[in-house]
Amino acid sequence: MSQPIIQMKSIEKHFGAVIALAGVSVDIYPGECHCLLGDNGAGKSTFIKTMSGVHKPTKGEILFEGQPMNFAVPRDAMNAGIATVHQHLAMIPLMSVSRNFFMGNEPVKKIAGIPFFDHEYANEVTMAEMRKMGINLRGPDQAVGTLSGGERQTVAIARAVHFGAKVLILDEPTSALGVRQTSNVLATIDKVRKQGIAVVFITHNVRHALAVGDRFTVLNRGSTYGTATRGDVTPEELQDLMAGGQELATLEGSLGGTV
Amino acid sequence: MSQPIIQMKSIEKHFGAVIALAGVSVDIYPGECHCLLGDNGAGKSTFIKTMSGVHKPTKGEILFEGQPMNFAVPRDAMNAGIATVHQHLAMIPLMSVSRNFFMGNEPVKKIAGIPFFDHEYANEVTMAEMRKMGINLRGPDQAVGTLSGGERQTVAIARAVHFGAKVLILDEPTSALGVRQTSNVLATIDKVRKQGIAVVFITHNVRHALAVGDRFTVLNRGSTYGTATRGDVTPEELQDLMAGGQELATLEGSLGGTV
Amino acid sequence: MSTSTPSAAGDERIKERSRLRNALVRPELGGICGTVLVFTFFLLTAADSGMFSPTGFLNWGTVSAQFAIIAVGACLLMIAGEFDLSVGSMIGFAGMSIAILGVTFGLPIWLAIVITFVLCTLIGGLSGYIVVKTGLPSFIVTLAFLFILRGFTIFLPQLIERKTIIGGISDAAEGDWLAPLFGGKVLNGLFVWLGDAGLIETFSRGSRQGQPVVDGVPMLVIWALLLIIFGHILLTRTRFGNWIFAAGGDAEAARNSGVPVDRVKILMFMFTAFCATVFATCQVMEFGSAGADRGLLKEFEAIIAVVIGGALLTGGYGSVIGAALGALIFGVVQQGLFFAGVESSLFRVFLGVILLMAVILNTYIRRLITGEK
Amino acid sequence: MSTSTPSAAGDERIKERSRLRNALVRPELGGICGTVLVFTFFLLTAADSGMFSPTGFLNWGTVSAQFAIIAVGACLLMIAGEFDLSVGSMIGFAGMSIAILGVTFGLPIWLAIVITFVLCTLIGGLSGYIVVKTGLPSFIVTLAFLFILRGFTIFLPQLIERKTIIGGISDAAEGDWLAPLFGGKVLNGLFVWLGDAGLIETFSRGSRQGQPVVDGVPMLVIWALLLIIFGHILLTRTRFGNWIFAAGGDAEAARNSGVPVDRVKILMFMFTAFCATVFATCQVMEFGSAGADRGLLKEFEAIIAVVIGGALLTGGYGSVIGAALGALIFGVVQQGLFFAGVESSLFRVFLGVILLMAVILNTYIRRLITGEK
Amino acid sequence: EGERYVLVSHAPDSDSWWNTIKNGIALAGEQMDVEVEYRNPPTGDLADMARIIEQAAASGPDGIITTLSDYDVLSGPIQAAVDQGIDVIIMNSGTPEQAREVGALMYVGQPEYDAGYAAGLRAAGDGVGSFLCVNHYISSPSSTERCQGFADGLGIDLGDQMIDSGQDPAEIKNRVLAYLNANPDTDAILTLGPTSADPTLLALDENGMAGDIYFGTFDLGEQIVEGIKAGTIQWGIDQQPFLQAYLPVVVLTNYHRYGVLPGNNINSGPGFVTADGLTLVEEFAGEYR
């Protein structure tokens, strides 16, 4: 493997009295799908938020392409090539799909030296990208509020991919999705990874993780159990790790193996 | 099988220009876990909302224990014994756990003929029920906002079970949960079903459905593909149905079988 | 580190917190701190101005009681997730209604009062009904009622009586059985005794020489206390109180859990209107006249008292005791500045600054309690 | 029924909707309907009252322009998810600041104006900063500023000049280069020509005999038009406009997407203060004096105009054109009732009713557009 | 016949004193058989009042009767109306000189500062050395002028003796009480109208200073009249608002019908109303007095 694109070194993050991360180190390589697994409240979302510039770590160092990275705001991370689809959707229901698609990355056309929002370009790109993802909009000015949850999720991913991210972070993108939508998202992840983009994929579903993951990092209560590589770990081991090493409730007979 | 506890007959539900349900019929029997499956936007949530008195069906008839049921408000359904844990949590973050637990079912103690909220009783019951579910609260007056997502979900289910429901409706209770929490919820469903309570369980995860389901109804775009019984249907068939009979995106090699 | 209980108790991820701190941290804490601060301040700066003599006491006590009466209504309504900008106009309207019915139409005062109470609570219910049915923000709906009610309060007496102040209510109320419930004073005997015993001062000149300077507790204060107690018990000790919190915390969730949210909200609008009417009736009975300009800006004062008292503007959180303390702070500051001899137009500046500080403190306390982020 | 495209286009689950209906349904529709209705009404009832004569036109035009100036600021701020109750106090404060600086301290008027603009936008920025940093609702923070600014507006001139009104600004502004930008009139030549041609009336006596009754378009109107155009372009045609929508629609989501939400909100607070200052400066330059009571309740009027114009009180949705139409409706109704000879105390009743109807209509339209539930 | 006159005031809707004006103009309209209208800025904002004068001018009445509470703000619109050929009479506030400057036919009223000054002289004669001015309408310049005039009449500095009492009766009452408590050696109280006088009466009742402290007030109202009768209030300055509204209509109508015009301004006040001769005042207080 080449040089890691992001190195997270002993990241700590405290919120007032809550210690959400107690020193987590992870390296992310280009072209890999790195799965971040763990219990509820393990600190996964917090961890990727320090990566995408939303939170500043309380302690620890982040290197991006070998350079210490000091992102003050999400915008900086974005400009550097880190795109994030957050767990709680980053879409605004009252705004049109095309405005949402370009939110924070508005295309600009200069007229008489003044930069205007290039609506034509934005609309075209949005329609095209949505069509690629299999979503036929009524028009680019359709409000996101009229889309279903799955469709919104897809818009968010399409947006992240479109802006040429070097790192794509997906926080539980499949949790609310139907079977078909899930399968679409997984296929997209696969496609993106093949383009040499690093994907960080958070999920509670072992099978989703195994389907696309190259390496697996399990967080537990703010610290990490270490990273395993595909093939080195069986689904059962992984599932045990994800549950925080605690015993799972057993269902009479019916449910063996992975949940 | 005995007499169905709820019979839904050709239920239709329109929201303005949107036809969310176009005639769905389902029977629910006591002691069974009835899985409701289907794509995003298929109408699952809408369907169970007509069952629990949140929406009035535009057309169609609902029989509860053989009687036509005419629930004007959710309270009526609750009193009749239909408890629902909605997809978007029915918990209020700013309120204490014990107030949330008894919300809408407050225990009352008469002092001088005036009915007062019986806080002592409420606190005791809440602590006990939470302990049963494996959650140790700081105190009954801890705000729900300080609980994790999984813990909140568990409170909601514990509440529904506690109030002696004849029918327990769970709308995607596991979608945001970690492996251990999920396994807890599935075990709870199993336990509840064994007590002769009818469980209606909505999920996007075929494996969760297969783990506890007795019968499976698949909704697609507002209408139903019919109901299958456990053993009559293979996981692959079910998954195909859930995806609305459309082809799934294929992932190179890695992802066979169920998602 | 326990292996079977993952959360809260003994969670290694929660830093230690002292017991004292947990005991102190309650919704009313901001109000309590504010009250202590304000009293300390005035004890230091205005102790010799008569602010803490019996009359001084009665003075800011009455003003605070006035604020408290409307603050209780506004508080419960705010916890239920709505607020009412029409309180001030409602006060004007209610007073005018009593005056027109009692003086112009010559109804017995008790009947005028009863009709007014029914009418005003119905109007409150109507704005609640509109809010609940249309889903519009209460800011807009009650803003409309602010204008509509004030318009009628000015227009009607002008039309009927050719006046905008209607007096003569004291005469009309003479001998009425209901009127003293709002305009009278109680415990007169006690104060006369105190005066005779030399425990409180007596008048040294003027028409009432020899009488005690304070001759009773105004019914206004009694009403305020009653409403505070009622509101507090309703909110914390009854099932309905739980519904109020639930309706304001998340109406959708509450509805799904079987709480009759619409009913709760409409009832709270009616209760707010009821409180405004109590305010208006006490005022009319005390001053013997109703004017078209009564109650101006009272809606803001009620909201300010409630917010100083720690309630959350967006609903679902707050306490009646807090609101009452907010009213007390408001009243003491307002009157205290006079006692302290501060230029009176600076009162507004003080009020704004206190409001800001109180609300920042309260936010901090609330986050500690609810784990809000 | 297509098998590969599950959504929207050709979805059998969406009932048919006509094209016309889709074309009509825009945020401004409510405002457009309202405008048509209001003009029809007054054309029918007050056509012969001089309301549609040149002077009448100028009259309600100026009043509407006044509303529009503050409505543009309030509109953008509301779309960005906040609102400002201190607009009215800011108007009073800005006017007083110009008067004190220019008359009492004798600074050149242009300097007084510039300093006032800087000062007021900074104060607007400060309230924005507090809102953004503390996460408090803007209702509370700006309510505090409402009191603080009004307090200073009454206190300062009393302290300095022992008056609550300061005049003499016209004299001080004589020959100033900046003052005519706010207080002057343009297109004088056109109107003189129109008057000479007999197309509009001329004065029949006095010092201005023979001059046209309308001698130009007040700069106030020009400012209103400029601000409307600026606001509209900013909102719909620029990247910053997208940020305004995003900040108001969901601040958290916008922040995660890299929108500098805090900056956007603070800038919008500053813009609102800027608009209020434009309003105040025009007023002071036109009338030559500043009073402590200027701008009372203007914050409500701005919010009402914006809401009538279809913006969503909770942010993320609205249009500047709509707000401008709202201001027009407001101005025409207010002045039109005078022309129609309606009892003026009923104006408030009308205003309340119009507000309610407009907001219900707008909610309906918005739901059609955004698919909100 | 059928002439139309518009009266524009600077008072907010809710100011009860203006009621007498409305009644006066209505009665004059009835008696002279002319059409009369009353207009005011709802919030009392003088800039809004300027617009109303412009509006009134645009509606082409035969005459406008208006107050001139701020010369700077109102002179422009009034002058424009005059130049359009509309006859204007200034009432209530402003001065005769200002009325002449804007081209009005005449001035009917009571110059506020002068009235306050006269009251101050009278009080000085009665041995007053300190006072409390209860200003319920602090933001209006004419209210402040009354207090200022009174202080100047007494020959003392106004200083902190004017309080911003607000308009809520309970607050006015308690603020007066608070002030008197903190400054017990205050000699006199001056209130500016029924809004502040009524609660002040109650306040004095309550602290026992009624009848003991020197109490003067501007403008009449039912309770003020009773206070004068009871001896609690020494005098009320009656500017006879009825005349301020009634006379201009009569003057204008006769001017338009027969071309006759009084040669002088009319001072409707200040008239000091004292305990003598109160019966008529009592009967019509708040309506025509």
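Each chain carries a letter (A, B, C, D and E) given by its place in the written order, and its residues are counted from 1.
Note that in this section a contact is a pair of C-beta atoms (placed from the backbone, for glycine too) under 8 Å apart; a residue touches a chain by one contact, two chains touch by 3 or more.
All values reported here derive from a predicted model rather than from experimental measurement.
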Lowest number of touching-chain links that must be crossed from chain B to chain E: 2
Chains touching both chain C and chain E: D
Distance between the centres, which are taken as Cα means, of chain E and chain A, whole angstrom: 72
Chain C and chain D, separation of their C-alpha mean positions in angstrom: 33
Chain A and chain B: spacing of chain centres that average the CA atoms, whole Å: 29
Chain centre separation in whole Å, for chain D relative to chain A (CA means): 43
Residues of chain E whose C-beta touches two or more other chains: 13, 138, 164
Multi-partner residues of chain A (each touching 2 or more other chains): 39, 148, 151, 244, 246
Interface hub residues of chain D, defined as touching at least two other chains: 4, 6, 154, 158, 345, 347-348
Chain D residues touching chain C - in the complex, by the definition given at the top: 130, 134-137, 139-141, 143-148, 150-152, 154-155, 158-159, 300, 303-304, 307, 313-314, 343, 345-353, 355-356, 359-360, 363
Parts of chain A lying in touch with chain D, wherever the complex brings them together: 52, 54, 73-75, 77-79, 84, 86, 88-95, 99, 102-106, 108, 115-117, 119, 134-138, 142-143, 145-148, 151
Residues on chain D engaged by chain A in the complex (per definition of touch): 4-10, 236-239, 241-243, 245-246, 249-250, 252-260, 312, 316-317, 369-372
Chain C residues within the chain E interface of the complex: 46, 49-51, 53, 55-56, 59-60, 62-63, 66, 92, 150, 153-154, 158, 162-165, 167-168, 203, 205-209, 211, 213, 220, 283, 286-289, 291-296, 298, 334-335, 338-341, 343-345, 347
Touch list for chain E against partner chain D, complex: 13, 37-40, 42-47, 50-52, 54-60, 70-73, 76, 79-80, 82-85, 103, 138-141, 144, 148, 158, 164
